[in-house]
Amino acid sequence: MSLKGKDIISALQFTREEVEYLFRLAEKLRKEIDEKGILDYAKGKIMVTAFFEPSTRTKLSFQFAMKRLGGEVIDFEVTTSSLAKGETDIDTLRIIDGYNPDVIVLRQKKPHFPEQIAPMIKAPIINGGDGWNEHPTQALLDVYTIWREFGYVDGLTIGIMGDLKYGRTPSSLSYLLSKFKDITIYYIAPQPLQIRDEVVEKIEGKVTYYKVEKLEEVIDKLDVLYVTRLQKERLPDPSMYEKLKGIYKVDLQVLAKAKKIPVIMHPLPRTWELDVSVDNLRQARYFEQAQNGMYIRAALLKEVLGV
Amino acid sequence: MSLKGKDIISALQFTREEVEYLFRLAEKLRKEIDEKGILDYAKGKIMVTAFFEPSTRTKLSFQFAMKRLGGEVIDFEVTTSSLAKGETDIDTLRIIDGYNPDVIVLRQKKPHFPEQIAPMIKAPIINGGDGWNEHPTQALLDVYTIWREFGYVDGLTIGIMGDLKYGRTPSSLSYLLSKFKDITIYYIAPQPLQIRDEVVEKIEGKVTYYKVEKLEEVIDKLDVLYVTRLQKERLPDPSMYEKLKGIYKVDLQVLAKAKKIPVIMHPLPRTWELDVSVDNLRQARYFEQAQNGMYIRAALLKEVLGV
Amino acid sequence: MSLKGKDIISALQFTREEVEYLFRLAEKLRKEIDEKGILDYAKGKIMVTAFFEPSTRTKLSFQFAMKRLGGEVIDFEVTTSSLAKGETDIDTLRIIDGYNPDVIVLRQKKPHFPEQIAPMIKAPIINGGDGWNEHPTQALLDVYTIWREFGYVDGLTIGIMGDLKYGRTPSSLSYLLSKFKDITIYYIAPQPLQIRDEVVEKIEGKVTYYKVEKLEEVIDKLDVLYVTRLQKERLPDPSMYEKLKGIYKVDLQVLAKAKKIPVIMHPLPRTWELDVSVDNLRQARYFEQAQNGMYIRAALLKEVLGV
């Protein structure tokens, strides 16, 4: 297996072996980073972050990961850029590519943009989120968190709850889970926010899945409850937000009804759907999840850079 | 004395010994930096600048200080961040903290936010300004500038002029001056902008202070005149700005009336309150003051990082 | 010849020898960079990018150039800065200068601002574009691209087309071409966008030039066709943009009429004036041109830093 020089576009592209290799590498890097702060692997290498949509976690997490590997980071800032002058994102990326970065982390509003642009770009592209479509490195850190928590992934039952339609983390998470055995997914969402058909079509026959409306129906079956935010910025009509706001929520009261509280995850940022009262539960894993992102992205960068 | 791993929240927290130690360390680092450009002390360390309010001097000054110490800087940019998605600053900082930075420099609109968040954050927090409340590293560079100018601080008479109510530099400066002996402070401001009671309560008995309305009344007594800008962005009512604009001003004409022109300082940025005609006076020290900021912040970072 | 510590303000300031030296140095650095990724020349040096106007290529290209030389980059971001507080650009630059950067790359809206500020600033200033006036490093990369393409510059015929009035690249390109022998320039533009008198006055007697309205009239004479974008943001009246939009355009249809298609260049970003259909022509050199920018800027930085 080698990811050297490869574009990372979709969670579907990984083999189970690659995923597990990355998990073990992340553990190894975690130890080395915790010991030394900054390592030497990526010395002399440059990563560009090109985020055409706002981000905290993903961009910062990649920047930390690359710095921890000893590499350099150059951020292409969209706000102070020539986009104001009317340039297309394709021209922008071709120009960045001309500076010969060793890897480009790309976030873009347009679904499937990374796979369209990748053949025109020499540098490996890592998809840091393409609209509602995918966010493969988020899926890596999500499943890495599950793997660290349970010691395995096979056989687990995961509830994915919230805005499954306009979110990109539910699709990528589903795809990556489908690489494992005997996975059951409950898609928990009100009808207008249920998982897209094209997502379940791709995991058909590999994962057992159910669509349900209410958390109460299934909470006792879950090993993991993965909550997601209503993607305000992707709703076709802004008035939808006010109608759907608060339609689902996880708080202590809701969880108190469960026989056994599952591991609680969230890709963050959160708004009203995950109450701060949950933060102190030992099952709350979302801040740890964000932290895991740095290590798994360091592992991915190391492999893609081939260092 | 050790500041290693400590949060730097308020100018009140320092002992006189710590302050003088930092001044001497800043002098030492100044020589080393001027000679070598970039040093090795903070190699392998990462500082995050998390500025939830705009800044030039403070952020840039910390970035230079950390780079000069040989460390790495990661900037969390609020504009391109998830704040647009409705995330709280607390969640944001907990996520940043999860990436294990060695120090976080924080600026936030909300007074006392740094002391509220610090216990939740593993990394040492340096308060880079919390609304109208405090700006302890500005006070360090202010008093460092005075110390360099006179060779001592004890016994000096300092006029602090301008918007003392909504500014954070007058409070932190007062607190840090209160660590020295025989200090006299004149608070020079029109009534609606006079120093807050909570500030003078904290220096009561340690500093001799007077509130006056006009510079003319006291200029001949001053060793230092510290001018501050009207904090347009913090006024409760925007119409106040137009009313108060120009109500105080330092220019050559005003200074010509003094028997002896005091050392002129300003935290910058300035607007109309300090005329450019003053820039060429040998008493004008505000650009030097900004420069001193880099060295004293390097000293503080070195101590907080324990390197 | 030595550019060490010099301000780089105008393309007119270079001697032919300096320009050719920089071209050869860029070739040398290209080989070293392509081999090693990051070099050691600028170790311990800090470059500040201070862009008071948006930019992609120039800022990114300088950042890459400095990192490739092994130096450090600190970006002064105008959006998150004190400009919101009403500070002047002069104060801002004096403060930055106080932090003793080794070089400042400056972009500013106001024409001739760099030459006005340079005497007040200790660090060497590189003009990264001053309004409609000049963009000397763009001219360096433009002529460097021509030199690489033909192996020489003397005797060539260059068409400069588009918005020659409000653009800064046509002026700097003309100035730098005037350092070579037997150059012919055709200024191709509709009347309201023709080249400014002050530009041609400066190359009078050194370059043979003609002003024409239509590309068709001269295309067969051109070795190089340099296309520029309509500078929307500099037009005195926004309604002008709608009137002039599309008044000139280069696409395959236009080029098909030429006996011999010239080398096509563009400073980028492009909007409607250069059709993507042209991109696949072997004569299209604009992405290569952008790439050359990194190497020639690395060469310039190396010389200005004296490393």
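Letters are used for the chains, namely A, B and C, taken in the order the chains are written, and counting of residues starts over at 1 for each.
Following the convention adopted for this analysis, a contact is a pair of C-beta atoms (placed from the backbone, for glycine too) under 8 Å apart; a residue touches a chain by one contact, two chains touch by 3 or more.
Quantities reported herein were computed from a predicted structural model and do not represent experimental measurements.
Q: Which chains sit in contact with both members of the pair chain A and chain B?
A: C
Q: Please tell me whether the contact surfaces of chain B and chain C are same or different in residue numbering, using the over-half criterion.
A: different
Q: Fit chain A to chain C on CA atoms, both being copies of the same sequence, and give the resulting rotation angle in degrees, nearest 5.
A: 120
Q: Distance between chain B and chain C based on Cα centroids, please, to the nearest Å.
A: Measuring from centre to centre gives 40 Å for this pair.
Q: Which residues of chain B are in contact with two or more other chains?
A: As it turns out, chain B has residues touching two or more other chains at 77, 79.
Q: Show which residues of chain B lie in contact with chain A when the two form their complex.
A: Touching chain A from chain B are residues 43-46, 72, 74, 76-77, 79-87, 91-92, 94-96, 98-102.
Q: Please output the residues of chain C touching chain A within their complex, sorted ascending.
A: Its residues touching chain A are 33-34, 36-38, 51, 54-57, 59-61, 63-64, 67, 73, 77-79, 229, 232-233, 268-271, 287-288, 290-291, 294.
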